[in-house]
Every structure is written in structure tokens, then in C-alpha cells.
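Dropping the structures in below, format is C-alpha cells.
Below, chain A partners chain B and then partners chain C, in two separate complexes.
Up next is the complex of A and B:
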């Protein structure tokens, strides 16, 4: 029974969410809003489960005196608790420690992490981009035109480069993306139906 | 000089030290980022979702029905207890069911019909013809229920070329976005921190 119960619950909630779209009645709309609130609450608490698991993992490592890289787990735990304590008990507005940490530690480090990817992308492109056949020439050519078209040197070489880059992005690239989006939409609808009907049940885990 | 800028600059350099090789400075910075980010997201989840949607309705407005999602959400924590872990499937099934039910009309309307509508263009110029041809051939490429032979094969092959243009231009665009972030960080180091450039 406990194995089947989640499938029934999934069917009931899935069918309701699907049906309410076609029934614009005040009762259905109110119920819809309530279900959305419920899901947001469950979802928020589920996210906290993830944070709790991370804390548990690093607490286990930090509590072992001879564990390798123990100091890094202590740093993670310190970061988590300093943000929670400052954010929940000392405010989050202007001139607070919470915002100061966000502005001077978290935001610059996140931007740096993403910028670090430019080096790896460049290195991967150098190793991976080889004009072996017509298809890879299209790939390489499009990438070069778009990259040159987005910097001043492209316009300095010839104004056709930024124009071509814009055309590539707005016409063939956008159209191919549209084809992919249509495929994704069809796949999502089919998978959602399978989930609601209990055919797809991998989210329950186990065999 | 602002101490915040110096700390941000030192942490920025610690992350860039990974370009040489994995080292303790990078690892320290990486774990600081992990801890601070998780702490930030816990605070935001509590203050932006749990307080206004759970605690205020129950404890201030007296809407006791919100105890149900609260209990369901707390059931997710049963994952930590091996014997009771199976009960965490109940709130999970609600999230999955609602997500699946909401996705069908949302994708039907916002993705499928909207994209098809946007593709129905007058065949008055070359760009419109290319857009229609690209959408159709890409769809043919992703249609695996029939063997790609004859007209289907030709369409699928043309679809690959359009996909290559898409991947190439998307790659180029992504690289430029990352490079602009890199420029931003260099400006921070050389202008905001060291004051070497205007």
C-alpha cells in the first residue's frame, strides 16, 4: 500500500493541476492557489533537507580528528552558520553583516568562478574544434563569426561580421532552437503524462 | 582602502590560482563559497518562503490548514531515518504530481503552440524561408520513428547543418559572455582594488 500511495497522490494532484487549467471557476482557482502554496512550502523544506545533508556530511568529516581535508569541512560549516546567524538574527537590509558578506565574498567569488570557465572553454575549443568535415566547418564558422561579431575588432575588420553574427543568431540559430524547443515540449508533455498515469515511477527510487 | 574590496580581491586571486593547478588557496576559497552560498540560500528560503507562506498563516492568521503542508514538508526529513525513509515519498509525489500536471498546459501553451505560431511566417523573404526550413528539418532530425532515408534522410541531414550553426553560435555567444565576466573581474582587480586603470 505504501508503495502505491505515492502513485495515487501523484495521479490526484497531477490530474487536478491539469483539469484546473480548463476550469476557470473561482473554487478551482482558489484551490489551485492553495496547492501552489503547499508545493512551495514542501519544496522549500525539501531544499532544507539538501542543506541538512551537506551539514551532516561535513560535520562527520570535521568531527574526525585525523580526517583528510578536515579543515575544508570546518570552513564550509563556518560559512553556513555565519550566514544563517547573521541573516536570521541580525537583519538582511543595508549595512548588515549578511549583505556585506554577500557583496564582498559571495557575489565576487561566484562571478570569478563563472569567469574561470572562459579559460576552460577556450582550452576545450582549442582541442576540440577541428574542421574535419562540412558539419564541423559550419560549427566552427558560426562560433568564429559570433565571437568576432560581439567584439569591436569584428566591426573594425568589416561591418559585415557583426551583421552576420546577428543574422546567424536571429535566423538559423533561432530556428534550430525553436525546433529543439518543440521537441522538448513534446517530450515534457509525454513524460508528464507517464508520471501522472504512474507508468514513469523512477522518482520513487528503488526497482 | 575598503577592507571588503581587499578580501574580495584576495578571494578572486585564490580562485584564479586554480589555473596553475589545484592548490590549498583555491580549495579554501571554493569551500568558503560553498558554505556561504548554502547559508545564503537557507536564509532566503526561510525568510522568503517559510515565514510568509507557513509561519505567518499558521501562527498569526490562524490558518491551521497550512499545518498539512508543513507536516508534509517535514516528512522529507525522514530521509535521514532509514526505516521511515519511505514516508518521504509522499511529499515528493505531491511535488512531482503538481509539477507534471502544471507542465502539460504550460508547455503546450508557452512552448509548443507559441513556437509553432511564431514559425508560421509569410514566405516573402529569404530569412523567413530559412526559419521554416530549419524548424522543419530539425524536427525531422529528431523524429526517430522512421528510418532517415530518402526525403527523411535529406531533411535530417539538412537539420544537422542547422543544428551545427545553432551549436556554433550558442558556443560563441557563451564564450563571449564568460569573457565579459573575466573582463569584469580584471577591471575589479586593476581598477577597484589596485587603482592601476581608470
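Up next is the complex of A and C:
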């Protein structure tokens, strides 16, 4: 019963979410909104669970004197502790320590990680566009046209370059992408049906 | 106000009144109630060279005597939606068509009331499509249950999972698994849990660590359950380490930074990226590439596919990723649904071909079959 109950719940809610797409009646809309509210509540609770997991995980590592990566766990715990103390006792509005830490430590660190992406794109592009065989040459040629077509110099050389770039993106590239989209959509439908019918139940922790 | 009354009186005297002709009010179809659509057909209204430009819409209930103005619309608009109606109450609408010279024509509608609909008829095509999908999938699942064997073409990315875990065993290094940024509501994350289960069975057999850093607490809890179950299934529940499946952060780049750090410190021999990924995909895959790990990726995020293709050894593209559960588990029911998926792809292909031909030869009505309201 313990194993079957989630399957029944999944079937009922899965079928309802499918049916509500076709039912404009206010009762259906209200139920749909209620389900979405529940999702938000579960999400909010999961944040608490996440924080507890995080503290437990790093406390365990930090408490082992010979742990290899102990210092990182100590920094995480220190960060959590500081943010809780500043947030709870010194406020979270403008000109507070909490916001100062967020704006001057967390935000720049996140921006740094994001900016690393440009270097990773360059290294990945170098590997991807190496002309090793006929297909790679074809890919390299298409990439050169698209890159030139998206910068002013491409248009200055000849207006055919941006036109060709647009054609490459809108015709062959779009056709391939739509093929993938169709596959993903059908895969999603089949997986959803398997979940609703209880055929796919690995997510419950068993087959 | 006096001018308006004067204009109305003059119009009444000078122009023929045509009550109900050319105008109508209906309960707005396919909605959740409290809405009435007023329709007028400019071609059916004898304008007598008035050059009508705008329409003032007034309403009253059957029991009221005074008219209440609810809006003004251009004459060419043809429809006006009164979305402040109360369900079940009969309303009568009066339309005052005004011309450039200020003269007006007055029309009245019959009494009408709004109500909520049970079924959105504009979405019947979607319903038919879903019924066809369900029928085809169930048919092949049924055939599979009856013992019919279905062939699944070899998927290199999934064949390589065994090899990748074997390599990690030889090198004595861990396997790193990431389900990306998707939460448990996403179908891609559910599919990821199936792949995780198969990978966990292998790491349990070979006794190598499986590291699963996560950015969603619910997914972490589910993953812990899935991995423990896989370890128990292979007869090695003692090898399961709950601390290796852990929650990191909700922050996208915080997650990327933490996983990169884990990769650089613990040097996994194999990285598996299965799930929904965003901009962090390349940061993770390139870092994995730099440490020389075998990398296998599968995602429903089409934009990230190109990044994975250049940085990973194997990539599951599109439906290959969703076929992974059937391929790895060899469950006949899941294999049956894969066959159904293939048949649906044929149906979609035929419809695309018919659509291309229809539009080429000018039968654009074919496209209307697929429009959704």
C-alpha cells in the first residue's frame, strides 16, 4: 500500500493536469491554481530540507580532523552562519551588512563564474571547429559564415554574408532543431504516460 | 449629455431603426464565464452614407430600465467583449453607431447571459492528438506485454555507460553524476533518475564511489532513495554512502562552481550529465574535459546540446535521452512505448509532408486544423 499510494496520487494528479487543459470552467482553474500553490509550498519546504542537508553534510566533513577538503566545508558553514546572523539580527533591507555581503561577495562571484563561460566557449569552439574531416570542414565553413554574418564586418565585406548566415540559421539549422524538438516532445509524452500509468516508477526508488 | 440625447432623438426620427439586425450578443465561447461577446457586422448595417466610425456599447439587465455605458470601440472592430458580466443574469445590449457628422444608429440585442464552459472546443484538435498518442503507445505496450520483442537500435551513448564505469573502476576513481538544474516536476529529471538507477547498479557492483552533487533538495532526496535501492538490488547496500549524494545550492553558478571544484579535487574518471541544463552546461563539460574524464551527456535542452557535443565524448540527442530508461532496463513495457514513440514519429512525419504539400499548392486551410485556441 505504501508503494501503491504514490502511484495512485500520481495517476489522479497527472490525469487532472491533463484534463484541466481542456476545461475552462472556474472550478478547474481554481483547482489548477491550488495545485500550483501546493507546488510552491513544497518548494519552500524543500529549501529548508536543502539547508538542513547542506549543514549536515558539511558539519560531517568539518568534524573529521583528517578530512582532505575540510577547509571548504568550514568556509561553507562560516558563510551560512554569517548570513543567518546578519539576516536575522541586522535586517535585510538597503544599507545592511546582509545586502552588502550579497552585492559585494556573492554577486561578483556568480558574475565571475558566468564570465568564465566566454573562455570555455572559445576552447570548445576551437575543438569543435578543427578541420579533421569533410564534415568538420563543412561545420567550420558554416560557423565562419554565421560568425561573420552576425558582426558588422560581414555586411561590409558583402551583404550576402549576413543573408547566408540568416539562411543557415533559419533553414537547415531550424529544420534540425525542429526534428530534435519533435523527438523530445514525443519522448516527453511517452515518459509522462508511463509515469501516469505507473509503468515508470524508478523515481519512487524502485523498479 | 444633452447633445447626445438630441442626436439620439434625431436619429430615431430620421433613420430607420433596425433592432437585432446585424448585431448580436453571445455567451463568449470556451471561457470560464463572466464574459459576453457583442458582435456587429458592418456589411449588414445600413449606414446611409453616415461614415460610421465608432460604436458605443451600453447594457442593462432585463429588470433594469436605465442603460449603463460599458465601452466604446471602433466601428471596424466588429466585436466587443463585456468581461464584467455576472453569470446567469440576462443582459440586453444597446449599440450606438456614430458617424463623422455625429449622427447615430441604434441597435439592440436580444437578452443573453454568460456561463462557464466545461470543454474548450478550440482545443479539440489537441485532445484528438493526445488520444491518438495514448492509443498508439498503449497498443504497443500491450503488444509488448503479450511477448512481442521490439528491436531498439544501439545507442552509443548508453552503450558507453558500461565502458565509462569500467574505466573508473580500472583507475580507481569515482563516477560523477549531475542531473543539472531541473526540478522533480520535469520529465527530463524523471528520465535522469532511471539512468541514475542503472549507473548506481554498476558502481555498486564495481565498488566505486558515485558522487551526485545536486541543486534541488527534492531531487537529492529522490536520488538518495534511487541509489540506495540500486545498491540494495545488487546485494551491496553496505557500499551505499548517503554523503556522496548531497545538496549543494539553488544558485546556478554557485552549483557550477561547486561541481567544478569537486571535479578538480576528486578527479572523477567519468562524468555523466543527464537532465535539464542551462548556461552551466559548458562550464561543467569543459572542466570535465580538462581533467580527462570520459563524459556522457543527455538533455532535453536543445540549446545546450551543441555545447555538450563539442565537450563530451557521447551525447544522447532528443528522444535518445528518453529512450535511455527502456534501453538500460530492457523492461518490455517501456520498450513497447519506445516503439509507439517511433510510430508516432512516422505519423508526425507524414503530417509535416502533407502540410508542406498543402501549403505549396495553396491549401492553407490544412494549417487551421493545427491551430490551438
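Note that in this section the second predicted complex is superposed on the first by the 149 of 207 C-alpha atoms of A that agree within 3 Å, B and C clash if a C-alpha of one lies under 4 Å from a C-alpha of the other, contacts with A are read in each partner's own complex, and residues count from 1 in each chain.
The working rule: contacts are C-beta pairs under 8 Å (C-beta built on N, C-alpha and C of every residue); 3 or more make two chains touch, one makes a residue touch a chain.
As the structure is a computational prediction, the values presented were derived from the model and not from experiment.
Novice: Touching A:101, do we find chain B (first), chain C (second), both, or neither?
Specialist: Touch partner of A:101: chain B, not chain C.
Novice: Decide which partner touches more residues of chain A, taking chain B and chain C as the two options.
Specialist: B
Novice: Let me test your reading of the model: by the given contact rule, A:93 touches which partner, first (chain B), second (chain C), both or neither?
Specialist: The answer is neither, since A:93 touches no partner chain.
Novice: Could you tell me if A:152 is touching chain B, chain C, both of them or neither one (first, second, both, neither)?
Specialist: neither
Novice: On the A-aligned overlay, A:188 touches which partner chain: chain B = first, chain C = second, or both, or neither?
Specialist: In the superposition, A:188 touches chain B and chain C alike.
Novice: Who does A:83 touch here: chain B (first), chain C (second), both, or neither?
Specialist: first
Novice: So in the superposed three-chain picture, is A:202 touching just chain B, just chain C, both, or none of them (first/second/both/neither)?
Specialist: second
Novice: I'd like to know which partner A:167 touches here: chain B for first, chain C for second, both or neither.
Specialist: The answer is first: A:167 touches chain B but not chain C.
Novice: Thinking of the overlay built on chain A, is A:65 touched by chain B (first), by chain C (second), by both, or by neither?
Specialist: neither
Novice: Does chain B (first) or chain C (second) touch A:25, or do both, or does neither?
Specialist: Once the two structures are laid over each other on A, A:25 reaches chain C alone.
Novice: Considering only the contact definition stated at the top, list the common interface residues of chain A for chain B and chain C.
Specialist: 18, 21-22, 39, 42-43, 46-47, 49, 53-54, 69, 72, 106, 109-110, 113-114, 116-117, 121, 125, 177, 179-184, 186, 188-189, 191-193, 195, 203-205
Novice: Would you pull the chain A residues touching chain B in the complex into a rising list?
Specialist: Listed in rising order, the residues are 2, 5-7, 9-18, 21-22, 34-49, 51-54, 56, 69, 72-73, 75-84, 87-88, 92, 98, 100-106, 108-119, 121-122, 125, 134-136, 138-147, 150-151, 165, 167-186, 188-189, 191-193, 195-196, 203-205.
Novice: Flag every residue of chain A that touches chain C in the complex, lowest number first.
Specialist: 18, 21-26, 29, 39, 42-43, 46-47, 49-50, 53-54, 57, 60-61, 68-69, 72, 106, 109-110, 113-114, 116-117, 120-121, 123-125, 127-128, 177, 179-184, 186-195, 199-200, 202-207
Novice: For the complex, which residues does chain C have touching chain A?
Specialist: Against chain A, the touching part of chain C is residues 30-33, 116-120, 123, 126-127, 130, 133-134, 137-138, 141, 183-185, 187, 190-191, 193-194, 197, 216-218, 220-222, 225-226, 228-229, 233, 243, 246-254, 256-257, 261, 265, 279, 282-283, 285-286, 300, 302, 305, 307, 309-311, 317-323, 325, 329, 331, 333-334, 337-338, 340-341, 344-345, 348.
Novice: Quick check on the complex: what are the chain B residues that touch chain A?
Specialist: For chain B paired with chain A, touching residues are 4-5, 7-8, 11-12, 15-16, 18-19, 27-29, 31-47, 49-50, 53-54, 65-66, 68-70, 72-74, 76-77, 79-80, 86-87, 89-105, 107-108, 111-112, 115-116, 118-119, 127, 130-139, 141-142, 159-176, 178-179, 181-182, 184-185, 188.
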